[in-house]
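Questions regarding the structure given below will be posed in turn.
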């Protein structure tokens, strides 16, 4: 067992690209669910919009990357409006169902043969749409130390990604500690009470939906740019559910906890996966139990099991206050 | 009439054949000067009527390329200038409805012109083609398919709706009940070797036991007793769904598995419709099960008690109903029905680890459409969703049929959020 | 009974003690309000006027439709028919938050203290026209800090008045039931309403706090506000209300001063009919 390799891979993953993506997705969900009590089960849809908005304008229409970012944010706002207008006046469960359905619609259209020419069908889009971004990369070579290893491109993504995360977390911190943030938390508690004080609850919920959605879309930007590829099946409901896992792990309703949750999540996943792989290849784990290509399936099984155990035994996550828990309340 | 036509066609073909044989012999005196030569033919329908405006395209040696179309007598001709091999293609899209090449693979005829001065007739035998299904026929078939799909959804939705009604749990792992039953059926028949007729009911029983009895006893009841919130339980069910899905993948692999029997059953034609015996049999049993479940809900004590609990658990409990027992019964019934739904799909289409996930959204759509928490609502909603999904393929590409259903779901929620049969909630 | 004289109670002399009687200076007028659920008529009020600056009690047996009527007036439910106006502004179809902004603020039967916010945060929430609540402005703390300070001061003074000042940093969940009622009332005052609608303010409150609540309600009237409250506690009704409206089976069956209403045959009938063993004095309900 090459523990050095395992350590290097695990630590790199802990601050790596996937962590950034999931941190952004979870920060968006934190806005929706942690602070406002909105059950958005379609966060994957926002990420998909971000990813496709970065690839399609550049590849199919030859637009510059910075314009693609603006298009992505615009699309994200529209999507949030489409989701919110019909559902924010209804019960929480309805938002959950509509958002899942909407994200599924996005994915089905993205992978359909009908829109194959622009959206790439089930194979998605692969191409150098990130060229403008990587052209700015000052690193000529990656880093290769015993604890961290990144190639040049990944290193650039990691540095800019974490800067983006830091910026967004800071903005969120300011907002959450303002009267606006207080209003959101009040809406999470009891909408009727807030209305009786003269506040237009619907408007504020919409704002929350849009903001959380745009943050998720930024996650999609990173997802697509880091790989210079967009695969529709990566943006299914599993992505949303794992983003929730990250959120709950860190403890909903704390500004920085989605970040910590994402780091711990990927630390565990990659660690377990590496250990299992090495165990299988070194014959420590018999072949009849786990085959080499079944390791990633075990990974997902553990993620599902982990989510269950987390919710059963420590729903407030690592940093949450049990009393402050949105999840304890009866729907 | 038909007989004389056939004779006529035979006669013509025979003449043609003779002509093709004799002509070159008769004209074997070499006339190497630029004698006009053409490729030609007549296109007639299976009723021997000339077909006009049928496009013919010809490719020949040295980049030769030409187009022609049949005239009102069905004749076409294309002059050629050199020897060599030619390829003549008929444009089948120009053929009228109901007419097609008797051999669809012979849309292109290769002809070798080894002597100029000899006109070459090209044959494209036309017969009554595969009748393009009329809109009526397609609609009828899709309606039948829609009802079958609706039935499968209904079996699963009924259980989901009842569980929601009595416990408040939105069970995201409900689809996995179908998958488990399907995989059990596969395992029992393909691996253990039981005949499908034995494996299927056994799978349903095991499903009711594992997905119903055991799941409530060891997972949900303890959680209810702890006072776990509804949203927490919802998220737990999501974790369970993910775990089970990948567990199934781990054990059974990613391929769709077919059962060893009945897999490739031939269809029966009945009027406008086509179906297989297995689909009818499984459907009839399914309908009987639903009727049975409805009777249970309406007539038996336990059934009535479950409706009471779904309506008002506190009041039901105060009237002496053992709520936990009722919930257990509802789980077993719901799991049995959903398991049978999984069996239906497996028998008719096969089973894969994704079966549950694919069905889950449709089930939610059906339950929401019909009205969350009502049994009749689940049935009505399922039928509508099933029909909509299938009939929508008349207008939108098949691959997007689920999208259509989901859009309908969203629209219904905007217009009538309580669903079709749900009760509008009092506010305040 | 000591009554603080003021326009609030003067109207009693000139108003007819009949259901739907006109008031000299009505702040709220309702006409033909009906609400049916399925086949059941929950509310059927032909005409009702509430005198500005008075304390009016809305009483009636359980199921009389009082809370439903409250919900209809404040925009939490829509009537099947009818129209009503507040300060001559028609309220048909106006959503509940706008009704609150127009100056008509309500509390709830089941207290809606926001549990995971502190007492002070609950109070601050009530303030109107907060710049910091706008999305854009919230990003720049210096734009809203000053106003926030004013709001906090106002909140602290009201809390002191309500004797909740020591609890200001506790989560609302940590308060007792009665304290939460006080908090809800105090919070409603932050909105600076013209009319306060209290839905069973005494429910679940211990006798000591009851007196405190009563005093606060009287203070409201002294400040020129109109109070309409639903109650079952007849002693309280007798002690502070200027006017009583009695509902039964969705209709207004009597109006008048507390004494006259209690002697009204129909009223007694309604209560006796509904609960023949009910004691109409303090320990009656709850």
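First chain written, first letter: the chains are A, B and C, and each begins at residue 1.
Just so we're on the same page, contacts are C-beta pairs under 8 Å (C-beta built on N, C-alpha and C of every residue); 3 or more make two chains touch, one makes a residue touch a chain.
Computed from a predicted structure; not experimentally measured.
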item	value
Chain with minimal offset from the mean of all protein Cα atoms	A
Maximum centroid distance from chain C, chain identifier (CA atoms)	B
Inter-centroid spacing, chain C versus chain B (mean Cα positions, whole Å)	60
Separation of chain A from chain C, taking each centre as the mean of its C-alpha atoms, in whole Å	46
Intercentroid distance (Cα basis), chain B paired with chain A, Å	34
Multi-partner residues of chain A (at least 2 other chains)	192
Of all residues in chain C, the ones touching two or more other chains	76
Set of chain B residues in contact with two or more other chains	428
Footprint of chain C on chain A - complex, ascending	171, 174-175, 178-183, 185-186, 188-190, 192-201, 204, 207, 211, 323-324
Residues of chain A touching chain B in the complex	39, 86-87, 90-91, 93-94, 96-98, 100-102, 104-105, 108-109, 112-114, 192, 237-238, 241, 244-245, 248, 294, 297-298, 300-301, 303-312, 315, 326-331
Complex contacts: residues of chain B adjacent to chain A	168, 170, 223, 228-232, 234-236, 238-247, 249-250, 357, 361, 364-365, 368, 372, 397, 399-400, 402-403, 406-407, 409-410, 413-414, 417, 425, 428
List of chain C residues in touch with chain A within their complex	74, 76, 95-98, 100-101, 105-108, 112-117, 121, 124-126, 128, 130-135, 138-139, 141, 144, 148, 171, 173, 187-188, 190-191
